[in-house]
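Here you go, one structure.
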């Protein structure tokens, strides 16, 4: 069997499975990114707020979810969450395992982790906004929501785009760990193919290349966004 | 999990890794194949239950079993006392020998006893092993971590050779080819299939080692609460042993007989 | 929960901690140095160097470390010319390979982080430096690097925490650090959650300490961003 | 822009006994001031004497350590929280701020918006007025300050004087009752200074209250109806320009203006 | 600070026919200028007329589209690379810049360094002079501009005028042969303006060449020995103050100063 047949789309080729797995990885990461955006915004806001309690909660969140190995968090969300759902099912008389769907659990777990990273990105971006511009917003009587919506959010987004791109990369790879929930993502499918055919190098290289394809697509998106966001700024060094 | 004896088993979910050829593997179309899936089909037909085979990652298998996501693990699990504390096992459906392998052109090839089979009981050693110790002194031996073989290797060869533990057998075999290690020690059926991949450059050296020293073989893993399911499987396995099904499947997939 | 088991697990895992720390510290150092080189090529004027750096960052940031490590360790060994080269005695060693691939990977990320740090330097402050006649290495050493490092520090501390966790993959290449030992214990005992909780506790403590150190560094380096003035009458 | 007079002749803006320290350094040592409709008050003082800080305290960008601020007879309520003085009602502060315009010494234009967007931001989003109307007004203001051709440029691409004029236009677009100017002509050439002063004089005639930190003695003399000279965080002299600039003023003030014109 | 005169009476600084556009907008349309030792040249012009851009072109913070810059008889070599004009020899530019001091319109202090550190940065690291000596000189400069008490403060904690004075001290610490000042007194009160002008006059007497963008007509009139009025990117009139301020000057200039003093 030639290499092309092995990784192609024919009856003996793994192309189909790998393609589906790539899409799965993309979906998990995209959903996780959105979950992380919501959580990250809340946590960043807590960490920047004046309340000491909110600040400690925010710090605890970012410390724990960045500090603990991702695999354990996925375990906890998946099996912990499943126990909750199963218990709830039992309360309504359902016998047996209900569990969270693998996709939901995986995306939620990666999203929670991504939220911790995004919170730091947003916090850094907020601190990069020139103080004077915030004062100017206060001075014309913008209330907090308005200030957030009109002045802070657009600028935070501008400063945060490279950071979000970085988090996207991380999540893309964290999503490889959700295979413990039984989800056939790109990493696991490459490993299955490698284990089943004993062609480890071939499938690891193909898997790696598919990750790079995802990366280059997302790089394009983030670079475009960055260029758009920075058109009001004087050119600096190291501009893409 | 609260699932329990009261349940009458009509459907059973069996999980396996799907990447441990030839025990279990995945076909390019996504279906599962190999020794275990075919045996599972026989067992389920015999018990008249409907079985679903699900591939899952080894890392999540045990917690998923205890959480109730799957009912049975069928993934070449060796039965050991330590593991019995957490999950229950059926009677073994396979019992394989273990052996050393090395490159055919290595000076270590064809060590004393190559081609023979010896049987050892727990704790026992024999003069064959002493001969191997002499031959392998100062070499590097690769084993798969956390298998029943690691204790044997450490006990007998730990003091005279360098032992290197790998997460999977496949990676270890690559290192044998590249020359980072001199010998590997593993399940003989596994090694036979590895030899196929290596285009005949690898071969056994020294005797194949059987007997109860490596436990009582490979069984299905179940939750401890599901004794009824275990009994059902025990009966089915016994029947597969009795009617020669296991032997047939074994010859098909392993080219050797692994009947316990 | 079985306390005896947890205690003995903890002891086993802590015994593997030195290996984790060795992997971590070596790859942070080498990865950092490599990142400086890559970022220098990335923002420098030379088109070939810039292209190379872009490609480097793309590959090492874009693909999973697991695959990189596999290819570095098992892949290089497949080539005869490497096996017979002078590099082999070093590349033969799993530890060397583990540090090598961890460093290669983190350098990709760190280079990007440093580049963002450079990007966020106010253009006016660079102009002021140019106007006194600074350029090249002097400009980098006195103005660009200090400001960029300050800007990059929050993101860099995240990367350092990631490194601690990334060392977990080294067991793939037979370097048995904390996670590898934990997985081995699980395979022996099947007590997944207990063992992983112990491992997580170790990582959490380690990362907490690192984070505190980084936060202290950040605080020290940024007196100018703090609200209260730091010049009490005592200083004058 | 003449707006309804405050209740029963109360001053439009009244500041009572404000103090403020940064760490060990006391910048304001008890400053009080009443401004009526149409008052144009020049705030003079040496560099570092606390003028900017005073303006910033008035619209609460800095929270004064003690003292009271009263706008249109309404006292800004303060409260203690966590050992610090903070405004009791955020909404009251926001409302008050939208009535006080501020032109910053360092302009503080929003860098992610064009000049036109900077100007309509407040009217559209804070005052919730129709966008088209705001744009029309903004264009008129831009013509008035002479940078209509830069309406679609970003602040980073403007010269210093252009930024300053954009900042003035941004404040005026809010049609505030009181304007706080922090050196509104520092980056302008004489011709523009004249232009801006003319605009301010017109505003004064329409009854707007203005507090202007300035180093332009000619402005203090001719446009304002009151001059306050600050020295080391205190009011050193205070009165109509004729009186203050007359020889009767304090020795410190005489020294201050003595050097005028090098 | 009097330094060796340039070769054979060549001008200290000579700019020839500089042009510069930003996109479609031509900001400088061919400006030439010769400055001898001790020349104090005032650069006047409306906001947006290109004064800052001109100064920035002289020390190559902006690269002019065309034209030549000659310092001490040495032409800054330019070359074409990738379709853009760039300096041929970076080291030549660095050397030239360390001889040209620049005070920015927006100060541009390094925010992560204290004022003292800002001032000794150039002497210690560019000129490689002993640190102790530089500190002593910096302290003297700080006293001269009146912010000695702020030596350990960070720029963000200073008032506008204090920052401006720090920026002036930072440039002077390099002991340049030519100083380029971009509105060096815009944020200063009259007393300080007087102070700074006195410092500048002293420098002029010591033979330093100065190019000063300013809106202070009194400075242009009394300190400088030459006045250049820029209009829309061109030199409109150029000559000794007496001549230029006399009625004979161009109508544009008359209009420009006509409004002076509101």
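Before moving on, here are some points about what is shown:
For clarity, chains are labelled A, B, C, D and E in written order, and residue numbers in each chain start from 1.
Note that in this section a contact is a pair of C-beta atoms (placed from the backbone, for glycine too) under 8 Å apart; a residue touches a chain by one contact, two chains touch by 3 or more.
These figures come from a predicted structure and were not determined experimentally.
Taking the mean Cα position of each chain as its centre, B sits at the greatest distance from chain E. Chain pairs B-C and A-B differ in how many C-beta pairs are in contact, and the one with more is A-B. Chain geometry summary: the mean Cα position of chain B and that of chain E are 82 Å apart.
Rounded to a whole number, the gap between the C-alpha centres of chain C and chain D is 50 angstrom.
Taking the mean of the C-alpha atoms as each chain's centre, chain A and chain E sit 51 Å apart. Within chain E, contacts with two or more other chains are made by residues 106, 157. Contact with two or more other chains is made by residues 70, 74, 78, 192-193, 225, 229, 231 of chain C.
Those residues of chain A in touch with two or more other chains are numbered 71, 75, 79, 200, 234. In the complex of the two chains, the chain C residues touching chain E come out as 122, 124-125, 127-136, 138, 142-143, 146-147, 150, 221-225, 229-231, 235-236. Against chain B, the residues of chain A that register as touching in their complex are 6, 11-14, 16-17, 71, 75, 78-79, 82-83, 86, 90, 95-97, 99, 179-182, 184, 188, 191-198, 200. Listing the residues of chain E that touch chain C in their complex gives 59, 61, 90-91, 93-102, 104, 106, 108-113, 121-122, 125-126, 149-157, 170-171, 174.
Residue ranges on chain E touching chain D, taken from their complex, read 22, 44-48, 52, 105-106, 147, 157-162, 165, 183, 186-195, 197-198, 215-219, 222-223, 255-262. The residues of chain B lying in touch with chain C in their complex are 59, 62-63, 80, 82-83, 85-87, 145-147, 164-167, 171, 174-175, 177-180.
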